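Next come two complexes built around subunit A: one with subunit B, the other with subunit C.
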Partner chain A sequence: MSFLASTAAQVVELAAEAEVDPADAKATAGASSAGFAYGLAAIGPGIGIGYLVGQAVQAMARQPESAGQVQTTMFLGIAFTEALALIGFVVFILLKFA
Partner chain B sequence: MFTLFAAEAGEGGGGLVFPSIGNLVEWAPYFGEGTIFEFNKIGLISMLAMLIPTVMFLLAKKDMVPAGLQNIVESTVEFVEDQVVMSAIGAEGKKYLPLLLTIFMFVFWGNIFEVIPTFQMPANARMANPVILALVAWATFIGVGIKAQGFGGFMKSSLFPPGVPKALYILVTPIEFLSTFLLRPFGLAVRLFANMLAGHILLVTFGVLCIALWQASPLVIVLPFSFATLVGLTGFEVMVSLIQAFVFSLLTAVYISLSLHPHH
Partner chain C sequence: MSETSPPVDRLEGPSPAAEVALDIAKRGLPVLPVGMIIGAIFAELPGALSVAFGMALVIVNLLLSAALLNWASKISFAMVASAALGGYAMRLGLIFVAFWLVKDMSWVAIVPLGITIIITHLGLLAWELRHVSASMAHPGLKPKQSRKGPRPVAAGRR
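Here is the complex of A and B:
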């Protein structure tokens, strides 16, 4: 996070030197850190959902008769895993627009 | 209407200016501005999301051989009964079917207005709807837990999970309290809200891109790709609407089931 903070500070500093409106510079810094926030938040859930669905497909292929139950559990797992990415998305919205 | 190009807005440059988030989700009230009866698009969609399933269920005939509307209604009830109630709670969860079906239908119809022309806005992309639904789910699973196990029993089973060394309860109990009583409703609400808002922004992005490409003559050659993506994403959002309604009711059912049968 210190990396992001220092980047944002640099942006504001450079903006002051180049006589850009600080509000504009802040918006730019917010937008770039918003990209970081969502990108980083998407890595873990991406791996997680891929692994989860892969294993679920394997289970369904091995035991097609239990497909219904596996599917329900899979959706549950996806819902929990996906929540992390969605919180990242909310942070993105807050950084970009709030 | 917003201006798409910065040059037209007189800011210099020629870049595409994306509409601000307020343009995407805030709607002017139709009437009653400033009073508690203020009524805007979100209110209208929420009303429709309540009325459409109600009217559908009232109009469905009760024939032995279902046809038409009755087919749709019966298969919806069957889907919620089999996939949500039976798989998460079991046969004793049948009495929660009305609640879970209501949640399913309300969330689904609130979501599906995202792709219905002239509305193009999911009611659940504003935090108010998901929060209320999550609070209903929260109150329900706490109520069911207290009724099934008694207040002390419910607190004991949810705050002091068995099979943990006594000293670790200092660490485990606050975590369990957070995850059961705060993160569950928070997660429910944020999951629905963020999914629908993300879908809405995605559709708006490609819609704005299509208009911008239509106006910018040299780049119009990539318009078909952009438009095809927009059509594809619309189909994807129909799927997301269904899945989110399913997940919301399924999670509510799982929480009710955990309140009914604590893990021993």
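Here is the complex of A and C:
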């Protein structure tokens, strides 16, 4: 976060030197920071879903008779993990558009 | 010498993921008017409409996820992994596009929409998880059997 804040501050300073409206520069820096944050927020769930599905597929291959239960648990696990990405998305839209 | 079972690489029969997603959608429908009333209290008509849009977004997202997994599980386990990760990226993109298309419309209130997406997603999942957990731990307590037939069974390579 400090990296993003320092980058935003640098952008505002450069804009001031280049005679660009600081408000525009700040909005631009805010937009890019929000995009960074959303992208970073999507990485964790991606890793989590990959691990979860890998283990579920392994379980279904090892114990086909319990495939139904495994698939139910896998679906719910994917949906819960995806909630993290959705929270990142909502924070992004709140920061950017609210 | 014992026989080895044939390799298992796909599932046949109805998908439990689709059943769970449909169940979640059914649970979401009665909650919709309550959410719209709460949205209307805080942000009037735009609040109510944004809550409805947010809930529709979440339910369609879950149904799409289940449909993709259901389709992929009939093909192969490798396709399940592809559909899960590819579907995750695709659905995040679709949610962003859906939001982008409506963000400037007069009936959209951003804050109720965002809050609705999180609360509906987590709330409906927690509700469903409670039901599923009870069914798994105590199968006899399950309200009724699926009308779509037996649970999926594994199938070998053709």
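Criterion: the second predicted complex is superposed on the first by the 96 of 98 C-alpha atoms of A that agree within 3 Å, B and C clash if a C-alpha of one lies under 4 Å from a C-alpha of the other, contacts with A are read in each partner's own complex, and residues count from 1 in each chain.
In the analysis below, a residue touches a chain if its C-beta (ideal position, glycine included) is under 8 Å from a C-beta of that chain, and two chains touch if they have at least 3 such contacts.
Given the structure is predicted, the values throughout are model-derived calculations rather than measurements.
On the superposed subunit A, the positions of subunit B and subunit C overlap enough to count as a clash. With both complexes placed on chain A, subunit A has more residues touched by C than by the other of subunit B and subunit C. Legend: residue contacts after superposition of the two complexes on their common chain; A:G39 is shown touching neither subunit B nor subunit C. Of the two partner chains placed by the overlay, neither subunit B nor subunit C lies in contact with A:P22. In the superposition on chain A, A:E82 makes contact with both subunit B and subunit C. Residue contacts after overlaying the shared chain place A:G50 against subunit C, while subunit B stays out of touching range. By the document's definition of touching, of the two partners only subunit C reaches A:L94; subunit B does not. In the superposition on chain A, contact of A:Q69 is made with both subunit B and subunit C.
Shared-chain residue A:A61: touches subunit C; no touch with subunit B. With the complexes overlaid on chain A C-alpha atoms, the stretch of subunit B that clashes with subunit C is 187-195, out of 61-69, 169-177 or 187-195. On subunit A, the surface touched by subunit B in one complex and the surface touched by subunit C in the other have residues 68-69, 72, 75-76, 78-80, 82-83, 86-87, 89-90, 93, 97 in common.
Subunit C makes touch with subunit A in their complex at residues 8-9, 11, 15-17, 20-21, 62, 65-66, 69, 73, 77-78, 80-81, 84-85, 88-89, 91-92, 95-96, 99, 103, 110-111, 113-115, 117-118, 121-122, 125, 128-129, 132, 136, 151-154.
Remark: subunit B residues 20-21, 83, 87-88, 187, 190-191, 193-195, 197-198, 243, 246-247, 250-251, 254 touch subunit A in the complex. Looking at the complex, you find that subunit A touches subunit C at residues 42, 45-46, 49-50, 52-54, 56-57, 60-61, 64-65, 67-69, 71-72, 74-76, 78-80, 82-83, 85-87, 89-90, 93-94, 97-98. Looking at the complex, you find that subunit A touches subunit B at residues 68-69, 72, 75-76, 78-80, 82-83, 86-87, 89-90, 93, 96-97.
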